[in-house]
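Each of the next two complexes has chain A plus one more chain, namely chain B in the first and chain C in the second.
Moving on, here comes the complex of A and B:
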């Protein structure tokens, strides 16, 4: 326990002097950040008995080998080296984060500012767009996670994305570059998305890590999806064996809105995804899809929650896992239907395939239903490939390995159905196929 | 008042039919718990030294533990010093036969519909009747002993078969297993002991009937069932309590040991006093039940119908240690008014080719909360383990809740696990369909609920099935609106 406290202290002891350096004293943003750190201190890092982090003992894994002093971290990513990694899409926004900080000059922005506002999340932005303070750190569910609170305290140069009313924005790609070649950085990327009524946007996030040292990415995306708006957020997590991450996506949905998340995880020492969707009004749709295809000692924990607060909404969740070698997959899906949320339809499904005896899966699909006129279900399976299907393929001259890869590919492919960008889709399909060998 | 409200009103005013109490002279321990009380209980029972030591050790562990708060239930803190840990109907001397048992006691059980007169029993069911802290009578002992079956009260077993008790007591549920198990280990007063020797198939159902009678008492009984190689036994448990305004604590422990090729079937119809319609009073039912399939090809099956208790906290579990062993859990949990139930099972797969099956049906009405909490754990060496779980919840009314917390942990790639859960209410179309065919709403609901619970009900022994079906109908009558 004392170890946890000393870890907490080594994180927060720098806060006061750090915040003074970067934020004007007395500004609203500085106050919000202070509240974030205070909330982190009262929540504390999840200990051994924490139910939310039961299968992902963060404190044990994170240890103290990081450079808590953000100023000491060196980033060698240059503009060119960043831009080389861009998807070859002309008519799109390419936004660059280096070690958790949004770098406007490295980024390429194609959308007009009348349609899509792309701004540094700083004090100036909070005066120009007062709604920032209205939403920042205010999404329901966010206050319960110590890492989200920590991010609120320590984020610097976050990103504010606002899609104007009825605008159908170009695709937005967000690239997170982490430099672990000479130091072990902690990054605190922060993104606030506001989709005005009737607007549609698609955001894709991908991370690049240079070097062999440890990285810790504590990120938070908050999305406010207004009436009849649509936001799609896709994440590709193909990290290194030394990468630690606790990443949160918190959305609140207004009437008739749609929100989609797609999360694809392939590698990482310990990756924890917290996805929390609030259905705050009627007739909304919330979708969560995910795939975790892991080998080696990778550990991915998907912790998702849909909170139905109002009637007549729909949520659907599909997570699939393929676990090989000593990988560990964790899935915790919660459907919460409040007393007012009558006529809710909520579905959840989690399927896993274990390819080796040293791989582990822990799943906990959870339903908490307080309204009676609802249809909710969850299903969860863990098993192997169908022997007969493999035999069928082999009887037709397909080698065993190839037959298995074919079956697993089909298994994984279902999670790609909500992915709208062909380039990203192809890339993910390639990773899946390569991993299957 | 609409018809629906009327029906609801009628139902909620329906009284708990076993809510009466009888005054008999009782032999009681003073309020509270401490080492002296434990010594007092142990002395009352004339227990050997090692058992007292075991109790004291458990008590010491208990004082170091804290009450679990993770179940999805809320209740005011239990005042452990405000409970009487021992209360026994006074009997001058130990009755040799039923003729010597206090007729008041016999009448009490007659009134509950449990006849202790062997000749009056229609079917062959041997009963161990427990009032408050002690067993008052055990029937059919002689018939059973001819086969070598030991079926007696726990205190008797301590005196007559100390070697068996010493070997198996705490072997499945260790004294320090959890808060309530530790408390039970320290203060348990009686219970049933059952031993089926090798190769014997028990010819009749064995049954224990628990009754809390005295006020301010807790009931802490302990059941131990040992099934030796290739034996079979079916065991039933029933319980009721008087209506009282205060909450009473019931913290029992049930241990089952199944050796190679043995099969144990354990059925419970739990009908403790659930409290009144405003949620006042009722039993806190905090029970630890666990069985171990220690030998190859053994099987343990739990069936439970839970209709009573203000708060239930109960997870009958199976440790599937032997190869090819099987565990089953069938449950119907019904909650109404302010009842809360957090119940489910644990299936721990250790041996090869082990199988488990979980069927849990939750029905919530009124302002009640009903949770299923279960774990399926496939250990590394459990090759070809198979599990099927199904948890269905039925909601009646918009003030109640149904929750599911399944934990699925798999460490072996050859495992096949399926889990599914659904939550729904009785469809208007279903009721309409029945009404069209001349079945009134009330009967239609009963029909649908019965169908919903049928899979579990069909696993109950015949005598219990009738009682359970009646209970189900009584508990839910008119609760659809």
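Moving on, here comes the complex of A and C:
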């Protein structure tokens, strides 16, 4: 335990001098960051008995692998090397983060600022857009997680995205570049999204890692989806075997709004996703889809919540796992239906296929329902590929490997249905197929 | 074309086939009949390459090759086709997509060029007529939610697409009403030629009213105990399988 406390102290001890260096003293943003660190201190890192991090011993892993005392490394990603990785889409925004910091001059912005505000999340932005401080770190559920609090304290050069009223924005691609070529970076990317009423936007995030060292990504995305607005956020996690990550997505939804998240995880030493959707008003739709297809010793933990606070809303959650070799998958799905949330429809399912005897999955649905007039269902399955089906395909002349790939693609396909960009979809389909060998 | 000699096969240590001898020549239709548990479906499965069966003795030669040495997909490439008694439902894989993959893998193995989307569709349209199968059905997930009749029709449709030399129909009549039975049998008859052969495995004689066999073999207790022409099937229908059981040598 004392080890945990000393790690916490080593993380926070340099905060005061660090924040002075990067943020104007006495500014509202500096105060918010101070509150973040204080919240981290009172929450503490998850210990051995933490229920929320039961299957993912994150504290042990990060204390063993990362040095929080070191200063941020100088990144070797250049503008050109970043831009080479852009999706070939002209009419879109391409936003670059290096080691967790938004770099505007590496980015390409096509949307007009009348429609989509794309801004560095700094003191100036908080003055121009007072709603930032109204929302930053305030989404329900976020205050329970020490890593989200830590991110609030230590993020620097975050990103503010605001889609104007009734604006149908161009696609926005966010590229997270991590530089692990000389030392192990710890990155704190922070994104605040506000979708004004009647607006629609689609955001795709993807990470690139250069170098062989370990990386730690502690990221937070907050999305405020106003009345009748739509926000879609898709995340592609194709990390390295040396990548550690604790990533949060926290959304709050107003009346008649729609929020979609898709999370595709293919690799990582330890990846933890915390996703929390708050349905704060009536007639909302919240969708959460995910696929984890893992091999080697990859470990991915999806910890998800949908919180129905008001009546007449719908949520649907679908996660699928394909686990090979010694990979480990964890799924935890909470659905809260509060007393006022009558006539809620909430569905959840988690299906897994284990391709080896040493792959494991821990799955736990958790429904807490206080309202009495609701429709909720959940289900989880874990199994192997159907041998009879494989034989059927082979008996028609399809080679064994191809037959398995066909089956697994069909299994995974359902998680791609809410993915609206064909390029990203094809990329993910290719990763799925290539991983099958 | 096919020569089975003294074939013994067991599953989980239990011997099911106890010395099968059978020769099939091009152009012939052989019916295999027999009571439940006699080993009919096992024989069909062993010929198609189902892996849970262990061959303990005997040999199967197909087009002068050792059939038992081949993987299921290699057998399909060389023209063996098994119409399943229980076609498998595969959610998420459309029949069209599945068949395109299968047809092109078979073509590749036979040294033919893969069919492009247009020629594949053309080919499909033509073969659909043979079993009167609906386009809408083929865009659905393979066999998922299909009725018994639709599943069996789909089997014969696949057979038409893959153009096998040796077709093995495993209880294709089970679960079919008389109209569906006629359509399926009609499809099989249309595909018949002097170069191809069929083995029709069935419990009842009624399918043989529509697919007329050249030879009828009665399988009992893992052995062929009686062979004859189509009149044997009628005799069986009349007397029942008890007649065979009484005549068969005690085991």
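Just so it is clear, the second predicted complex is superposed on the first by the 430 of 437 C-alpha atoms of A that agree within 3 Å, B and C clash if a C-alpha of one lies under 4 Å from a C-alpha of the other, contacts with A are read in each partner's own complex, and residues count from 1 in each chain.
As a working rule, a residue touches a chain if its C-beta (ideal position, glycine included) is under 8 Å from a C-beta of that chain, and two chains touch if they have at least 3 such contacts.
If you're wondering where the values come from, they're calculated on a predicted model, not measured in any experiment.
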{"item": "Partners on chain A (chain B, chain C) - clash or fit", "value": "fit"}
{"item": "Broader residue contact with chain A after superposition on the shared chain, chain B or chain C", "value": "B"}
{"item": "Following superposition on chain A: angle at chain A, chain B versus chain C, Cα, nearest 10°", "value": "70"}
{"item": "First, second, both or neither for A:339, with chain B first and chain C second", "value": "first"}
{"item": "First, second, both or neither for A:376, with chain B first and chain C second", "value": "first"}
{"item": "First (chain B), second (chain C), both or neither touched by A:120", "value": "neither"}
{"item": "First, second, both or neither for A:365, with chain B first and chain C second", "value": "first"}
{"item": "Partner chain(s) touched by A:399 [first = chain B, second = chain C, both, neither]", "value": "second"}
{"item": "Which of chain B and chain C A:354 touches, first, second, both or neither", "value": "first"}
{"item": "Nearest Cα pair across chain B and chain C, whole Å", "value": "15"}
{"item": "Footprint overlap on chain A, where chain B in one structure and chain C in the other make contact", "value": "none"}
{"item": "Sites on chain B touched by chain A in the complex", "value": "70, 380, 393, 395-425"}
{"item": "Chain A residues touching chain B - in the complex, by the definition given at the top", "value": "51, 339, 342, 352, 354-384"}
{"item": "Residue ranges of chain C touching chain A (in the complex, touch as defined)", "value": "48-51, 71-73, 75-77, 81-82, 84, 87-88, 90-93, 98-99, 101-103, 105-106, 109, 141, 158, 162"}
{"item": "Sites on chain A touched by chain C in the complex", "value": "386, 388-389, 391-400, 402, 406-407, 409-411, 413-414"}
